[in-house]
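Take a look at the structures listed below.
One chain, chain A, appears in both complexes that follow, with chain B as partner in the first and chain C in the second.
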Partner chain A sequence: MTFIRQYLNAILRSRKLLVQTLLLCFALMIYTPFLMIALRSVGRGWFGRRWLPPELTLDWYRWAVEVTNIVEITKNTLLIAVLAVLISTAIAIPTGWALGRKNIPGKELLMSILLLPRMIPPIAFALGVAQIFYRTDLINTHIGVALAHVSVCAPYAILVLSATFEALDERVLEAAGVCGANPLRSFVHVVFPLILPGVLASMIFTFTTSYNEFTLTLMTYGKDTVTLPVRTYLAIGEGYWEVTSAMSILLVIPSIIVLFMIQRQVAPEKLVGGFKGV
Partner chain B sequence: MKRGTKFRSTLITLLLLSPGLLTFFLLFFYPMMVTLTRSLRPEGEKIGWTIEHYVTFLSESRAWEVIILTFVLSIGATLCSILLSIPLGLALRQKLRAHRFYRLTMITPRVVPGLIGALGLLLLFGSRGWVNLFLIRFVPFIHEPVSINYTIPGLILFYTWLYFPFIALTTLAALEGLDPAIEEAADVAGANRWQVLRHVVIPLIMPAILAGSVLTFMASFGAFSIPLIAGGNHRPLSVEIYRQIDFTPARWSAASARAMIMAVLQVVFLTIYMRILRRPIT
Partner chain C sequence: MSDDYMIELRNVTKRYGDLVANDNVTLQIRRGELMTLLGPSGCGKTTALRCITGHNIPDEGRVLIDNQDVTEVPSYKRQLGMVFQNFALFPHMTVFDNVGFPLMIRRMNKAERRERVMEALRLIRMEEYEKHYPRQISGGQQQRVGLARALVYRPKVLLLDEPLSNLDAKLREEMRFEIRELIDRLGITAVYVTHDQAEALALSDRVAVMNAGHIEQVGTPDEIYDFPRSRFVADFIGLSEFLAGTVSTISTEDATAVVTVKGLEIHVALTPEMTPGQNVLFFIRPNDVALLPASHKSGTNIFDAIVDKMTYLGDRSDYRIQLGESLGLRVQTDGKVRFDEGENVKVHLPIPHCRVIMDHA
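Presenting the complex of A and B:
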């Protein structure tokens, strides 16, 4: 025991080096899978025990664009994501306002009820959603898939926006009133600029959620509403790993670019949250 | 008069809340009820009540294997994530060079679709992947590829890769919110670094770790995309549900019964877990 303790102390003393190595290993662990996909997507004849593909090619990308009709799929994905963002934001602004600024008895309970869809496994209510959509002919429509996404996007938007509205200082609004602004003017010139970052953050997060959503899409898609994650899944099933890799690269690059673009504005750590008080 | 204004403001609040509540009821509560009713109907029929789907599923011995597997995977992934998050949080709070980059790295698995992550991990850990090449080349006594994909430890590894950011973020936030004076006090009192960590820092950040672990547990309990493509013969509940409706004839009632069991299990487990969390942790 003492030996172990001494050993640990020795390690802790040479901390700087240890920390750097640890972080490097960690970054490797996260990024090598993507590197593997990237290599697989440009390699040809990569069999056996080799570190790198022997031959480079862009054929798989050509295949991905031509055979799997990636342009159409990207259009579907983006359209569905935009619809989901618009609907969720439209729902979340009033509800978030009420939750953030009004005195509601049992607010905590109400909030946890609204956040339930993010706690129950999506597959459980996706079954119900699919059955309802089959009955109402919403299967295989963009609006239907978007609505399915709203069930998980909206609670998240409500959470982010109610926090934004709660942080709004009452005195600023009063000051605007004292200075003679009518409610409309005070909204346009005072409230709107203050809540804009929060609204944008919530929109970006709902967009990412919808863009990556797989379970609910799989239950509600049809041949006209194939999205990128579903297509990737189908391609993996078909066994063309190279083409799948090429598609994945085309699918992942936008997400990563967005992440690096927004990181200064919206504290992307929030992307992972989505549960209050837990 | 006063009563009137109060009534009006309540009405406005209700009106403001209504879109959210409506979404909740139409897109969550109603589907859950449909799933519940479907699970109690005979297969493919619109009338009649039966609990046969629950009985058949739960009386199979495989059902318990599936349920235990689901718990093993999610609890295993949660434990691994905790073990990964503590050193990571300790390293990242020092604001070293490129710590912004590492922070972004930390959330990357949550920003890309889980399917892509699973695909990359399958390629990396496959029998021809870099990990096996590395093991064969540099580790003595390993001459054959180690099978990682499609095994339970492999799945736990994949789950950890995908779901650790929840714990890592809460842990890091708690570590950064810690008052440096506390650690200095322990240091002055003669504790060495290990003792400070073991007796001061870890107990203080424990609530945050546990809060994050709830999130990781929930996410990995409901995980669907990873076990679907990387599970092989190991099928947790979510995949088991999907398999009921994947083939024709789709067995919606059987799938719904399993989905209800899954939801109930998760709620029960979380309730117990939260109860334990409430208790002060010594």
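Presenting the complex of A and C:
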């Protein structure tokens, strides 16, 4: 108890320690559940109120790969994610250009309409999507699930890209023109390199959104289009907690790779124009 | 004799909705001269410049560059160099690539391109910055790079759109000379847009003063300053004092006229347009007026006055004086000449500096 009292006194005296403590609490809040899953996925015979599993094993990972046909499911998930990224980006580039660079009356209203699908409870929205898909035979097709994902991915992409295009300095484009670059060469040498970080960021965001999407997939998948999040959910129902945990960990790996890519590729200084005195 | 002109605007009108940004603007810019478009913001100077660059297509009128009608020619085919107010460098390219961009677009081979870019960078004393990105160099350096990029492929015309207004005052004056020197050395035709009259007077071969979408006056800096043709020009360039009066007599022998301003008879230099009985605007620059002690002997254009207010400005003294019954006049003298408030003085309005503006509404 004296230790705790000393610690509290130290916090009161030092702002740095207070900040560190708060950060630690924050980290614990975010990572503890994840840590539990990670432990569960490698533990055997971990019941009751023990803090740590008594025995470590990688069996559950073997189970996860063998029993649940994880290769097929990963393929589904990636294929759907790639489709969702392509469709979202194809929609978002012209839309973002219009919203970011043209003077459109009621721009704010349009933006909020775009975000509306995110405001409706996902399950309700997914139910509506499923009803349409049953009628149009899109259930249990990769393109169908991808299209469902686009409804949440595209708004993100449009937001990111309209901000990217808005940041593009009109004068810089004019400068390219005066320097003798026709519209095509202006695009290749000036516009494209300047918007590339934004487009990549948008694609990465849409990819992770689709990759982790659960509710919409649950309402539109079929036996040929099971994705990783859905399979993980189904595994919970089957009662194999350890296998489910192993799958969750596997599910995280691509997300971490993508996060790494974001930090490498989308350096913040590349996103802004970097002009002084303007 | 249109051969003498590098750029011609012929009756150019440009509207933005109800706003007429350029109203029947006609302007001829000679080969090799530096023409400044000067005026307050919203006077249409940038609109006129954008008609030359091709970023605006005039609603009426024609634009000629090097005797070719380019009114509808897109800017990338006009062979221009342009310097922007916000520098407008390509943020993702190094200084070297920025300057080399116009050459790369023209598919010049690498070795020759390198030589030309380094030559341009030497000209602006930035050789050692070739690998820097625009964000890594100062505003003044960025603008020098902008200048090098505009000049590197030796365009027919150099356009400068308020190139110095984003720089601080000291740098602005340095860059002013640097730009003038570069333009002289290259002998290029240049159009310079600014709202800064000091910049315009210091840099230009000729100045076109613009107001509310039309050109008020075109002339050399001397002409614009000494013989403004409208109240707007006189007011916009330098300090001016105006007094409304009437031409009473004209004397052709000594080339003077007398303008009566509230009973005061002021002798002015005669101009051909003057006729007796005409209502005119008398004007004089405050620093052309001389203040003399009250004991000074009377004479032509020497009047009794009282000092209303005196402000000491170091190198100058700024006076508000009262002439005769009710005429207020601002006078600026050398800082060494000192009169106190309330003191009786004599005011001398030297005839060569006494001018008249005919057209005033």
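Here is the rule we use: the second predicted complex is superposed on the first by the 246 of 278 C-alpha atoms of A that agree within 3 Å, B and C clash if a C-alpha of one lies under 4 Å from a C-alpha of the other, contacts with A are read in each partner's own complex, and residues count from 1 in each chain.
Quick note on the criterion: a residue touches a chain if its C-beta (ideal position, glycine included) is under 8 Å from a C-beta of that chain, and two chains touch if they have at least 3 such contacts.
Predicted model, so just to flag it, every value in this text is computed and none were measured.
Asker: Return first, second, both or neither, reflecting whether A:Pro229 touches chain B, chain C, both chains, or no partner chain.
Answerer: The first partner, chain B, only.
Asker: State whether A:Ser245 touches chain B only (first), chain C only (second), both chains, or neither.
Answerer: first
Asker: Quick one: is A:Leu22 in contact with chain B, with chain C, with both, or with neither? Answer first, second, both or neither.
Answerer: After superposing on A, A:Leu22 lies in contact with chain B but is clear of chain C.
Asker: Have a look at where A:Pro53 lands relative to chain B and chain C in the superposition and call it first, second, both or neither.
Answerer: Once the two structures are laid over each other on A, A:Pro53 reaches no partner at all.
Asker: Comparing chain C with chain B, which touches more residues belonging to chain A?
Answerer: B
Asker: Contacts for A:Thr32 in the overlay, against chain B (first) and chain C (second): which applies, first, second, both or neither?
Answerer: After superposition on chain A, A:Thr32 lies in contact with chain B alone.
Asker: With both complexes overlaid on chain A, does A:His189 touch chain B (first), chain C (second), both or neither?
Answerer: In the superposition, A:His189 touches chain C alone.
Asker: Would you tell me the residues on chain A in contact with chain B in one complex that are also in contact with chain C in the other?
Answerer: Touching chain B and chain C on chain A: residues 269, 273, 275, 278.
Asker: Which residues, counting only chain A, touch chain C once they are in their complex?
Answerer: 169, 171-172, 174-183, 185-186, 189-190, 193-194, 269-270, 273-278
Asker: Considering only the defined contacts, which chain B positions touch chain A in the complex?
Answerer: Within the complex, chain B touches chain A at residues 9, 13, 15-24, 27-28, 30-35, 38, 84, 87-88, 91-92, 94, 96, 100-117, 119-121, 123-124, 128-130, 133, 136, 161, 165-166, 169, 173, 192-194, 211, 214-215, 218, 221-222, 224-225, 228-229, 237-238, 241-242, 245, 252, 255-256, 259-260, 262-263, 266-267, 270.
Asker: Taking the complex as given, what residues does chain A use to touch chain B?
Answerer: Going through chain A, the ones touching chain B are 5, 8-9, 12-13, 19-20, 22-23, 26-27, 29-34, 36-37, 40, 47-51, 90-92, 94-99, 102, 104, 110, 113-114, 116-117, 119-129, 131-132, 147-148, 150-151, 154-155, 158, 208, 211-212, 214-215, 218, 228-229, 232-233, 236, 241, 244-245, 248, 251-252, 255-256, 258-260, 263, 268-269, 271-273, 275, 278.
Asker: Would you tell me which residues of chain C are touching chain A in their complex?
Answerer: 53-55, 74-82, 84-92, 101-102, 104-106, 133-135, 137-139, 142, 149-150, 153, 159, 166-167
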